[in-house]
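Taking it in order: structure first as structure tokens, then the write-up.
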């Protein structure tokens, strides 16, 4: 049964994974656009980053070279850097106006 | 590998500078802290001096990267404008906190002083820009772009203690993160389509694909997403919405940095990515990409110019003007290698100088301790501050592109490139746009020089520190003097074509860009 | 060498003025402009191209080899005449504005001399980019002169003036660049912007449709400068708001940049398109003549009246240009000079009246003959010069333009496309010219004396014209008479240059005559619209 | 059809004879002839200087009189030389030459007998009237004296250029020059708005005429390639042009010249400016608007006669316009009360006669009438001037009477009587002979309705006699009675209680009046002098006309050198009342003149109250009331012109200005200027400050573009991109 499972699994081609990463990207994007809380918004951008990572690993596997996975490592580092920065910013904003709702910040407008 | 490291020496100089400046910024004695900007400037000049030695003729000809000729001119331009940017901020960072310490009202507390940190982030961002130029693969490009923009998020947040700066930083960060995710996803699709991240290999694969059947849709979609993502840095059309709020919110000297460094990095990234898809194998860009660039160029120019007409705040007006200049840059990029790219670099230099000059004038003036808000504040500036008024007039005249000033020659190079590559309609649209821009630039010229001072503009007086005013007047003088040395500047900013593809491209544009440049 | 001197001397004057104290500015400006005038006279005397169509005062400075841009200068008889007109009007303008401008003197005279340098640069330019730079740079001083020293709503006027002309000339720049590019295609990648090379390229290898697009772009750019009918609305606004010297230079020389541009670029560069489109442009000119004349008739602001009259008068000049025969072109060139002299003088006179009564409304001030007889004499004299009284300069040029348009159908070697009907309708403009100018004279000079309320005599200016003011007007009057009685000075001088310009039209007409079968020569009214 | 007739006429005249005047002698010996022009120019310059230096004496007057006298003497000397016509080159004016041809118009003189005839009475009368004006204008010595005399010299210079010009462009120079001079002199009293308006009206109406002349010159030049008379005449003689240019435009030349002539000589369509020109000082009216300038039109047609002969219908038009103008002007003149206005309308009427003469192919009659009219009309105007001068501007004939009985005014009265007699055409006066020459030819020459035209002319002769003597009887005859005019203050001594008494003219005015009156009488003498060389009947005048271009085209000219050799019998000689037309005409005009004379004496001297009763009777009757009212209001011609031409143009001007300001400037220019702002407002809501709205727009925009491109790829290249 596992063999069968494996074969069914083996029919999974690159496009399936790309579709998965695309979906993940869209979910992240939609989350970013709709959720009001800043921290959740940042998490959604992290989601988008991971979508790209999946695409990289899948295509790396498809093209039989490791550059995809190397790229993922760097994506993680950059994501970590952004996380640090995002949280620092969130703390700063919270300290200033004790609210994390994105819509409260609309002073700069036309 | 060594050959790769050889080209990173200038950036290395900057990184050393970062460390030194960070340390000096936390020293207890006031004099040393006052020296920090000069040290930073010294390192930038050092990096600029390093360029001619690193990018010698031989080194460039052997290098296997996609656009070897791009590194040297862009680096020099970045350093020169970087020097002006630093020169403008001397004495402005932590001015009140340093004054308080000097007068003994406050004790030095390393945690609160961010004079050193500002220059750290500035040098990092500058290094990021230079790294983008020498990028030859997607990973390096991704890292360099992130290195350029992350420090700028921090600079925006810490530049002013006001709520507006934090709001600007919040918007800038989140939208920046979203666009970073977008172009990263684009990169992933590109990798999926071509199987490599090396730009040169990617070019071979894509040309092979184009030859026998056409570039796969995956690659094109990937490229488009990448371009749109990086478009955020250029503040190009669909991604330009953040620019006005962020430029208005951030402090004047940070806005000047935002106006140049991310935009330059974006333009370089565009050039590198697009070179993989066309031009060098004698073919034009794929149609969808070309249309995308066209739409972005036209939308950016028009929206930028048109929106600036309605603005009452000076910084917001200059924000929209810098958006419109991104549109003009896109013409150069569409025009392709040879004429197009050298015109882009030249225009980056000219625009960078003029924009910094304009912001330097704003930096040198204040109203009751706070920055200048509305354009009416500048009315009748001539009476009290003739130097700043004339400098602002010349800088905005140059941004407008009025003949004898340097700005005109930059725009002329862009127009010539646009026409030489057959995009005469685009040039006409740019012409009409620069006519529209004459409206608000002339307000910047007319108000300070000619109209009577209103009661709001009476209270404007100079910032205690003289350096921003010197920067403004120096840049204005450059705007008038530099056209005389234009031939020299143009040789410096010329982007020669990679040797092996020179003849191929020559046939494409029916021979008007041979290797030796025009 | 002489041409560099002509361009750089005014700039040196500007520097000298900036450096020296404000009270010296007046004298320095006058001195510089007189020196420049002397140099231009020397250049004219030394110029051996009179009547030979050759190019003198050559000079080149290789600047941007990348695009083949080099600052080439040179003058043929036509451009030298216009340079002389500029260098003549400048010292008079400086002299004329001694009393009318009292503050920011250094800027005022600095901008005036800067304007002179730019104008001379335009006329001497033999390189497209250098021409364009000078052509655009003339806008900056004019913008500042109107915006700082103008009257009530000067801001709007200066803004409209600059942006209107700037938009037009940007389109011309695009056309120039496209032309240079198509020339570089032909010369396998070798860029050049020299006018001679591009003219040769344009005539030899541009297809008819390309020439038409080039003509359209040039027409927009230069049409705005010469106010041709639909794009003329900036002129009255700019004139009413400009200071006296500004108006004089604007009417005297800046309008001629447009007609000079048409003569130098449109006629030689796109002959087939010009032949095809000449009737349309002529009709625009005629509408301009009659339309502007009618508007002049009902004006109450005297400066606006004279401004609209410039629109009407330059319509004749355009007709002369597009009659495409030597008489027409020589008449048009003479017209440029004459209009510069007579309308310039009229603006001086209005300025002198404005300095005394501070109003331009003909309903408030009038009947000044009794009070200011010398002013009245000059006013009547220059009105007659511009109405075209024979014996004065206006008549000769107007006559040549009209007779050239009338007989454009059968001038032997130069059959043009215009015809008798164009000239007949345009000649109505002569009647309207008499009507609106005599109405102005009737109100301003003759009739019962009307002075604006409270027009006190602040004593700085004599009741009638002072010695300074008369010295401004006398040279213009003398020139009006000299050119009226001895027009060969301009006509013979430019005959060869005009012949060269029209040489390119010969093959087109031979070809035209074969096609139409009926010989164009005797279809007298062939050009009937 | 008309062109066909023209060609036949040309063929009919087998070879229009190489009349002596064709081969023009290129005279260099008579360079001094140029001084006929330079003298007035020098006088203009000197008077200008006098005005500049505010000379307070009568010096300008003497300068002008001297220079005009010198021109007159030179003209007489030139006239007596034998080798006329000749061409004298003064200096090169306009000469444009190019590969295919050239346009030459030099400042040169063309002297032939017609020129001498014209210049003789122009300079002669000019001198006398300048002398007259020296006293007449003495009240303005300090103020406008020099300006007046510089105007007179300018006029003489311009008239000289017009008459002696060698080419059409010199004629045009003179044409506009005299127009400007009349503008200058009519507007002499520039304080009075009426004078300024009259001057402007005169110049503009003349300018309409000049337009016709300009178009004629363009047409002539583009057809013949030259504007010089001698070359034109050779072209016409050789008949070269007829064959190749039967284009309609050749026939337009005479009509355009006609428009110019009617503009300058105040004929029907464009006569309105002459009566208003009376606003100027009286010497001006006498010299310019009676004797010299108004005859320029006749000179033009006489000079360009060959063109008119090519197009016979043009001559018919000239005749009819002349006739109708004569009638119309006479009817208006009858009903006016201002003496100068009456004489102005009579001038228009007499000019009508001259054009009638030209129309009916008697250039001799027309020229002779010009010659005689110049004298007696000058006398009448000068007499009226003397009256106006003496009675402080009083010109209304209802307020003046019995002039001949007042002391010191006898000379004025009797010279006015001589003038009236000649004007009325009393038998054996100069007017009688010249008018009959025209009337007779009217009946003789074949042309559409010339017969009826003749009778209209005779009726007009009757009206002329009536209104002439109406003036004389009212003003000079009858009981002594006068009221001072409105310019009382001019005389300086106007203390109310002191009773006003007119001051009679002194020597200068009286002398000039007598001389010109004698001239008017002697003007009939030339009619009797038979010229022995070419035995032309009509004496010296006919000889002068015959030698010039004017005579070139008179049919049957070559076999009968005399213009009216009626004894040799014209082939198509009609007869009136059984007698020969000329003899018949003597009787008819004499009778008609007598009736008019008697009626005038009856109504305005013996029984003045009958005139009032007649007028009230006419006004009472509804069916006839319109006639007197219309005549007094000058047939409302001015009002018609105002309504038809001036008002619509004024309205059009306002519409154009409104259009220019609101549509072209407001809508097109400012409209397009507001367009960018409009676009900006559409996109402004996007900048609402909300982070997420920015994100939505950015992501949405990106997605939209990518989607579009993908669809496009699918649609075009099926999935893969080249």
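Letters A, B, C and D mark the chains as written, and numbering starts fresh at 1 in each.
One rule holds for everything that comes next: contacts are C-beta pairs under 8 Å (C-beta built on N, C-alpha and C of every residue); 3 or more make two chains touch, one makes a residue touch a chain.
Bear in mind that the values here come from a model prediction, so they are computed numbers and not experimental data.
Engineer: Using only Cα atoms to place each chain's centre, name the chain farthest from subunit B.
Structural biologist: D
Engineer: Please state whether B-C or A-B has more C-beta contact pairs across its interface.
Structural biologist: By number of C-beta pairs in contact, A-B is the larger.
Engineer: Using mean CA coordinates as chain centres, what's the subunit B-subunit C distance in Å?
Structural biologist: Measuring from centre to centre gives 43 Å for this pair.
Engineer: On a C-alpha centroid basis, what's the spacing between subunit A and subunit B, in Å?
Structural biologist: Inter-chain centre distance comes to 28 Å.
Engineer: Could you give the separation in Å between the centres of subunit A and subunit C, each centre being the mean of its C-alpha atoms?
Structural biologist: Here the centre of subunit C sits 67 Å away from the centre of subunit A.
Engineer: Using mean CA coordinates as chain centres, what's the subunit C-subunit D distance in Å?
Structural biologist: 37
Engineer: Among all residues of subunit A, which ones touch two or more of the remaining chains?
Structural biologist: Only 29, 32, 102, 105, 107-110 qualify.
Engineer: Residues of subunit B touching 2+ other chains?
Structural biologist: Within subunit B, residues 170-171, 174, 178, 182, 244-245, 310, 439 contact more than one other chain.
Engineer: At least two partner chains per residue is the criterion; list those residues in subunit C.
Structural biologist: Residues 163.
Engineer: Taking the top-of-page definition of touch, could you list the pairs of chains it picks out?
Structural biologist: Touch list across chains, by label: A-B, A-D, B-C, B-D, C-D.
Engineer: Under the stated contact criterion, what part of subunit C meets subunit D in this complex?
Structural biologist: Residues 160, 163-164, 230, 233-234, 237, 291, 294-295, 297-299, 325-327, 330, 367, 369-370, 384, 389-391, 395-396, 399-400, 402-403, 406-407, 409-414, 420, 423-424, 427-428, 430-431, 434-435, 438-439, 442, 445-448, 485-488, 491, 495, 499, 522, 524-525.
Engineer: Spell out the residues on subunit B that touch subunit D in their complex, using ranges where they run on.
Structural biologist: 170-171, 174-175, 178-179, 182, 210, 213-217, 220-221, 224-225, 228-229, 232, 237-239, 241-242, 244-245, 283, 286-288, 291-292, 295, 302-303, 305-307, 309-310, 436, 439
Engineer: Write out the stretch or stretches of subunit D touching subunit B in their complex.
Structural biologist: 673, 676-677, 679-681, 683-684, 686-687, 689, 691, 694-695, 697-702, 704-706, 709-710, 712-713, 716-717, 719-722
Engineer: Any idea which subunit A residues touch subunit B in the complex?
Structural biologist: 14, 18, 21, 25, 28-29, 32, 38, 41-42, 45, 48-49, 51-53, 55-56, 58-60, 62-63, 65, 67-68, 70-71, 74-75, 78, 81-82, 85-86, 89, 92-93, 96-97, 102, 105, 107-110
Engineer: Across the complex, what residues on subunit B touch subunit C?
Structural biologist: 397, 402-404, 408, 412-413, 415-416, 419-420, 424, 427-428, 431-432, 434-435, 438-439, 442, 446, 449-451, 486-487, 490-491, 494, 510-512, 514, 517-518
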